[in-house]
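What follows is a group of structures, each given as structure tokens.
In what comes next, chain A is part of two complexes: it sits with chain B in the first one and with chain C in the second one.
Showing the complex of A and B:
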């Protein structure tokens, strides 16, 4: 090797060292994330193919857990409930969120007060929000009891304890705490819409509804799509409200994948089986994230 | 009168907005009102103002719910996680925003995957790993987990602040021969405090309210933070609405007050990061 080649080598080694020095700033975050999320996730994917109980050594059992899933009525009920949950959240909260944001964007006085008021339930803990609604929807002490005093009895029953209503009631409580978040992100997107577009629409004689349909909605499309993807992701992993209000009952009628996984992992010592449910949830999330990445690649700013 | 342009009245809009406000705040108001009623009165008068105000509910809830302990546990978890996350995320955000990092695209991809993995996938192995390490029923153990969960979000929030900092300050320091570390400590940190405040608030809120990891990793009663101990409390005194309402208000009040004081930062942080609800 000649001298000049050695010399030429030096700057690149320095650059390498310098790049390493820069990476040192990022390393701690990557390490802690590796330990807490990545390694356990990989273990979880592996555990789905074992009979692991959470104790002792797991045995590889191939696809047995997945065969079990296919014939497990409770899992299918849970999956179905997660799909229903997603459908509910993609409609009512988005509709109310759009309504609130559109009305807010058209007023001048008090916009901030309303925005704060709608957002407050979103910052309150699930354990407090469930206390509020467990009481309000209680047949003896809630709205139902109060209405019953006036002879209106349609809410006068244990709504969380009835198979046909439990899931809807829980979803309602979760949505009550969530819709204000949508108002705020939609309002932010609407405030960025060029006001001239509305002027033009008005001159063309567009009604407020038409302005909403043909100016507002197309303009906030990236935010709308972002919220849809977020709801799809969150709906697959949602846990707190069901766990607290019904624990998946009565008779699994409000079971979700997350609550069913939790019971299997920590109450039934069936960690391998629970991991296979976790894998199903990951596939769901993976599809939604792929959609997200795909739209970004196509130039969407979401 | 003639020629006056007809503008649609704003009255219907305000009416709907006020109805939505009642929908959003009414239930919280009921919780607070019912926290100073006796349970017997809640049964007779579920939604109205109390006839006799029972402040004792608060003292009883504080005592029965062991709030002195759980409040302390929550403060330890919250403060520990905020400190840890801000240090970790501050360093990483600086490198991502200000240093020409070769291969930074990998980190973005890594965080995208890392933050979208469902908690339920990794919580099972994580629990058994933590049990082997003796980190179950340990505040430090849960703080480490929270730091791992919240730091990607905080990194990106802080990065967006640091990217926006004026270049001249940093250039000037570099010409004087300052190291990366020096620039970070003396220029970046003092200038990006609003970002740290926002990130700290959002992370603190996340920890204070967090349930799934708290109930899994701190099963022992004396370690429980306020969220999971309140859940157990509600269960134990299920019929005593006045008492459990007061306990719930104790947990909620610090958050609501802080939110009202710093709502702009909370809303900015929570809507930017898309933090899990």
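Showing the complex of A and C:
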């Protein structure tokens, strides 16, 4: 019998104390997580099967909310917008973030200034950012009107008030605030890449673009994959920029599942129905995460 | 050392004494909206009340996101004694959940029905019980840039034809006939829908529909919605285009009206606050008039009834008598109410007591005094209309302002919109969540 086997069967007092110590450190956070995240989530999921108004006691109504959801045109418009939003955020911000980080990685002096400048929009409150852009894109006193004075009229219209552009305009403002975050995390990943690999590639005759494709990208793959997963998850729950810029209008053209949930919960006194929308959002996120787990199990190196 | 101990003992006794003395006082808590001027209301209302009522201390707290904070507090049993809500649909919800007290007996004893305007008292009566007192009342008016009107020799429009004539002339000289927008408060749409329903279909027809004797799909209402759609979408009279309406918020449409780039605004009397603020900066003159009658169905002009916020008594309050004392004191002190309301251009905190022009201080804006006098007279004659946020149940109310956007863009037909509306009213009637409609 080895020492470790002995220990396994008869843990000493020291071992018990050590375990207790570990639990003591984890317990507070675990409790907070339980009370603030787990319990409300379970209650919320439960509310989806009731007719709760937000006040008073709920009554169980089974799958009625979900049946209503399936024939709700506004919900499907919102779902469509969420998918469009995800597609937009998986392309433009990532591309711009990668480009920005790559260019920035070769700057030695003044790199910190650029990093701070790109990151500032991310740390400014969404309320402030939305006000800034509402003024910048204002139909009478914004950039569009100013450019029109010089004959450039393509931006001279109420960008947030026009159905065909409302969602894209909001996505632009949100992306503007978000890509600084991507630049920072990609830059951090890129600076961890072994410079010898670039040396080797250069000696083999690779152009800068080829170096980027064959050295940088594969090396930062974990960070890239992390950012893709987070974008998918955050796209499902995104709320504040849409709510403050257009409230989901005009005529539901920028409605997202989160803003539709809000109207149902707080204007219609229909918290049960809102909870069922919330469940749909959770299912969507769950599918995305499961997809990743499945691909990883299949051997994809992600 | 002994002296020090004695001193400490005396201090402790004094401290305990002051604490217990403070505990003898009953504290009545009231959370209100966060735009109020807390210093002004403390000086004008709280301190006089506390002085006149020893033993009760009123505490008013401005609260951000009042509705949501109240909801959470109610669920936790931590809500204040006085519940302030934005209106009738909340009261119906609170009543269903047993959160508010029935004040009917108290009101009888204290004669509240005589102190309040008759329709205002009735607005809090649900199935014989009194559940809320309006904190402020408002109506819808036509606000206009008087300087622009004078410069162009325009007279205030009182009919649809006159309104359209002025609108066409305004467009011809490059200014917007009307201005408005829903940025920052999407339910703003209901102000316009309500105005057109009341002033085209007429208050009598609206009343019939509210009590279920008429259907919202009837042609009078279809005509009203169609007229609004023509004005806002086809003609672009609100701000220049339909898209601009969705890009404008409070600051934008006031700036446009106050600078003479728009001629008129259809808004509630809370607009008196905005008018004073913005016209004060541009130096132009403003004035108001009753909204023009948009068809013969509407008869003579009317004033829509609206309660802005309401006050109810929390059913789990430890000291409801003290809370009722606060409400009663407010209703018995017109000068206090007007003093508080003057801080907001009489656009807020106007408890619907029976005022005359003499009640207002000499330095009150004569235009605003004129409104309250005319309102009292006209509504006294029974020429009242119905605002959607005061008399509609929650579900049809939300559909009214949410789905109308699709009507304006041409995605939803007027008939389908009104059919959906009627269906939601039928459901609300079945679930018993309709609100009290004062008899005509």
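Simple rule for what comes next: the second predicted complex is superposed on the first by the 261 of 302 C-alpha atoms of A that agree within 3 Å, B and C clash if a C-alpha of one lies under 4 Å from a C-alpha of the other, contacts with A are read in each partner's own complex, and residues count from 1 in each chain.
Everything below uses one rule, namely that contacts are C-beta pairs under 8 Å (C-beta built on N, C-alpha and C of every residue); 3 or more make two chains touch, one makes a residue touch a chain.
All values derive from a computational prediction rather than experimental measurement.
Partners chain B and chain C, once the complexes are superposed on chain A, run into each other and clash.
Of the two partner chains placed around the shared chain by superposition, neither chain B nor chain C is touched by A:169.
Shared-chain residue A:189: touches no atom of chain B or chain C.
Chain A is touched at more residues by one of its partners, and among chain B and chain C that partner is B. Using the contact criterion defined above for the overlaid structures, shared-chain residue A:79 touches neither chain B nor chain C, since it reaches no partner. Contacts of A:178 after superposition: chain B is touched, whereas chain C is not reached.
By the touch criterion stated above, A:54 is placed in contact with chain B and with chain C alike. By the touch criterion defined above, A:269 lies against chain C but remains apart from chain B after alignment on the C-alpha atoms of chain A. Once the two complexes are overlaid on the shared chain, A:96 sits against chain B while remaining clear of chain C. Once chain A of one complex is fitted onto chain A of the other, the partner contacts of A:250 are limited to chain C, with no touch recorded for chain B. In the three-chain superposition model, chain A touches both chain B and chain C at residues 54, 134, 140, 266.
By the touch criterion given at the top, residues 53-57, 134, 138-140, 157-163, 166, 246-252, 263, 266-270 of chain A touch chain C in their complex.
The touching residues of chain C, when paired with chain A in their complex, are 67-68, 71, 74-75, 89, 93-94, 96-99, 182-183, 186-187, 241-248, 252, 256, 394-395, 398, 402, 405-406, 408-409, 411.
Residues 19, 21-23, 25-26, 28-30, 32-33, 35-41, 43-45, 47, 54, 96, 99-100, 103-104, 106-107, 110, 114-128, 131-136, 140-143, 145-146, 176-178, 180-181, 184-185, 188, 208, 226, 230, 233-234, 236-237, 239-240, 243-244, 257-258, 261-262, 265-266, 271, 274-275, 277-279, 281-282, 285-286, 289, 293 of chain A touch chain B in their complex.
Those residues of chain B lying in contact with chain A across their complex are 8, 10, 13-14, 16-17, 20-21, 23-25, 27-28, 30-31, 34, 42-43, 46-47, 87-89, 91-92, 94-96, 99-102, 107, 110-114, 116-129, 144-145, 147-149, 151-152, 155, 180, 184, 205, 208-209, 211-212, 216, 227-228, 230-231, 234, 241, 244-245, 248, 251-252, 255-256, 259-260, 263, 266-267, 270-271, 274, 276-277.
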